[in-house]
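Several structures are given next for inspection.
Shared between the two complexes below is chain A, which has chain B as its partner in the first and chain C in the second.
So, the complex of A and B:
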């Protein structure tokens, strides 16, 4: 049982860190995708969505190749003395990459729903683009950002394929709920696996429920 | 909004702090078949020396691959010498401290309530399915393949093989009733809850485990001490108790 608790805590921690890491980047990307009509937009959008449609193991292998000590990024990290592969940082990285598109999509929609006249008004009243973003766009897209955050967080809680490729399944270090369920099932500890499944159902239910409520309120307000 | 971001970063700091290693410990990558014996020995070693020992068990081939990719293991305990040779050649383990004192043997297991008559290697070819740790890479599967190849039976058995991630997964497949039989180590059958030995393999290949400290370990002294403890009298007694065979030390 104490194992279950430490697995849960590790999972919540890495999912929270991953979500917080991608939050500023995701909001930035979503804002630019929503506002700019540049020709490369569709390409960028497609690239950002790839983790959503690629097999997670494929993303994992790409990350593994990039980060291994002989790889392009791995060599730099090694020189800097940073260890990522098969540590909790690898779990954070894998879940961050896999959750990113799920954060960007709802946030982008929320930005797109903002009446462009409000932005223009802000600009004409003398605010710079950063100030308009902070004082007008962010407060208006608030619910979308929260919904995207919750969605990304839920995805991070359950990431498996990319994680097992670059972080392994080391108990107490990189073994999250999804990995522990797999590990326990394949060595025949079905009861222990079921206990973890129960916990994940409760968490997932709460996260999706909250997201639903947030999105519904936004919809009602828009129609009113 | 700013308040919200502020509390978020506080939260992040809290979570990051929680992940920092609180006390010195070593991480041991061990073959799946060593699960119970190493876990017990890890506790005994901690009681004796204060070094906390944590484990990651799995197929030796998978663990070796992780070490090659830079996994922060301190000790590697492989179920065969081939995986260790690969790491030694790459300079990833300390060759001077490598030890090969442990052996095991193969058995064929069936579900405890099975009525199957599987008493000789030839009977395996008549089964609809048989679980083996992946014979393409995992030691237990490679040993089983070598045994059956030696008998000229591999070609007949191969189409029936359901490869599993490691030897314990092959055992679990039999225990769950999904697969009628599996080839596992004698020590795996000893910890099975709902599988029994159908017959023991008598003329199988020699099974040799290999253990060594990992070269990149940040606690080389502690890693070396644990390897010495495993190969010492306390370690050997525990392995014997679990049904392993002690070889004349290398």
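So, the complex of A and C:
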């Protein structure tokens, strides 16, 4: 049971850190994808969506190649004395990369639904581009941002393929719920696996329930 | 002093407006799709493809020849678009406060709220407001930024007939209380005469006429099928002694009998409008007629537009616009200089404020 708890805490911690890390970046990317009509837009969009459609293990392998000590990023990290592969940081990195497109999509849609004239109005009323983003775009896209955040967080909780490639499944260090469920089933601990499944169901249920309630309240206030 | 030399490619034709406007109150007239809204947006800095020069007083907002083009947030222009464009996530208070600088003049918020009479609306959200209320909030939001210029786009009558003329009395109040120069887009030449010292008539992106609003009539009747020429009278109102009695509106030295609703018994400044269809013109002295407002006058001009004749008459110290059939105008020989009498029923006066 104490194993279960530590697995749960590790999973929640990793998913939360990964989501918080990609949140500002994802909102920034979504805002620019929604606003700019540049020629490179489609290319960037496609690149950002790749983790959605590639096999997670393929993404994991690409990350592994980049991060190994002879790899382009790994060398720099090694010089700086930072170790990522097969630590909890690797779990964060894998889940962050895999969750990123799920965060960006709903946020981008929410930004696209804002009447561009409201943004123009905000500028005309004296707010610069950054202030208008903060005072008009962010509050109006609130629901999409929440939906994207919870979607990304849920995806992070269940990340498996990329994680096992760059972080392994080390109990107490990198073994999250998804990895533990697989390992326990593999070694015949079906009961222990089911316990973890039950916990994940509760967490997922709570996350979706919260989103529903929050978004409905918001909808009443602005459209009643 | 508003100096405009604006070019902007539009879908159907290029906008090319050159005008030096000496007046502080300018009406922008013209048919739908003439580029009036595009002109306002270019002045506000919301059209990145605009080029040329825009100056308001000493402030140069744009001068592409010298590479100046202030971003919208630095133009200090109070833009009130047709559909008000209020922020849906903020209540009325939040909307009005949105553009107020940190060092805004103390009391400007209260002043804006008082002039536009929106105090009862402050805690409401835009979705719960009527079209006229939204316009007032948008105007309050604009003046709370202490702009150097106001840009007002009149809501189209086709979209919401209830809105027609509703914003005009408030604009008059803003003009009196704050003296901010403004450009006012309207289809109503009568309104233009009431609020503006100067008028610009646009057609297909170019200036067809620029000058005193009184003289804009001719070009307006030619180019704008939606044009209205309401007679707008602003004066001081003395209500009848008891409810049900007619009130007396003094404009200059002339008094007009006007209707006064019981809930409007308050006296003081009032604005009424009379549709040009409600102004009767006679070539003989009128006697034994039920209309309470009969004044002798002189025909100033006659414009024929299809089967319609627009007759302008100076009577009772006011220039009236009357709409007659062309046949009637011909039969009565209503040519400039002719002596006439005009008659207006009390209930033809519609109160605007």
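Heads up, the rule we're going with is that the second predicted complex is superposed on the first by the 208 of 224 C-alpha atoms of A that agree within 3 Å, B and C clash if a C-alpha of one lies under 4 Å from a C-alpha of the other, contacts with A are read in each partner's own complex, and residues count from 1 in each chain.
Following the convention adopted for this analysis, a contact is a pair of C-beta atoms (placed from the backbone, for glycine too) under 8 Å apart; a residue touches a chain by one contact, two chains touch by 3 or more.
This structure is a prediction, so every number in the text was calculated from the model and none was measured.
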Overlay done on chain A, so just call it for chain B and chain C: clash or fit. fit
Tell me the contact category for A:139 with respect to chain B and chain C: first, second, both or neither. both
Angle chain B-chain A-chain C between C-alpha centres, in steps of 10 degrees? 180
Once the structures are superposed on A, label A:68 by its partner contacts, choosing first (chain B), second (chain C), both or neither. first
When the two structures are overlaid on chain A, which partner does A:88 contact: first (chain B), second (chain C), both, or neither? first
Kindly classify A:79 by the partners it touches after superposition: chain B alone (first), chain C alone (second), both, or neither? neither
Is chain A touched at more residues by chain B or by chain C? B
Which partner does A:122 contact after superposing on A: first (chain B), second (chain C), both, neither? second
Examine A:2 and indicate which partner it touches, taking first as chain B and second as chain C; both and neither are also allowed. neither
With the two complexes superposed on chain A, say which partner A:20 touches: chain B (first), chain C (second), both, or neither. first
Nearest CA pair across chain B and chain C in the overlay: distance in Å? 13
Across the two complexes, find the residues of chain A that touch chain B and also touch chain C. 139, 142
Please name which positions on chain A make contact with chain C in the complex. 115, 117-118, 120-128, 131, 135-136, 139-140, 142, 221-224
Which residues of chain B touch chain A in the complex? 1, 8-9, 11-12, 15-16, 18-19, 27, 32, 54-56, 58, 66, 69-72, 164-166, 168-169, 171-172, 175-176, 193
Quick one: in the complex, what on chain A touches chain B? 9, 13, 16-17, 20, 23, 64, 68-69, 74, 78, 83, 85-88, 134, 138-139, 142, 168-173, 186-188, 190
In the complex of these two chains, what residues of chain C are touching chain A? 41, 44-46, 71-73, 75-77, 79, 81, 85, 87-89, 98-99, 101, 125, 127-128, 141-142, 145
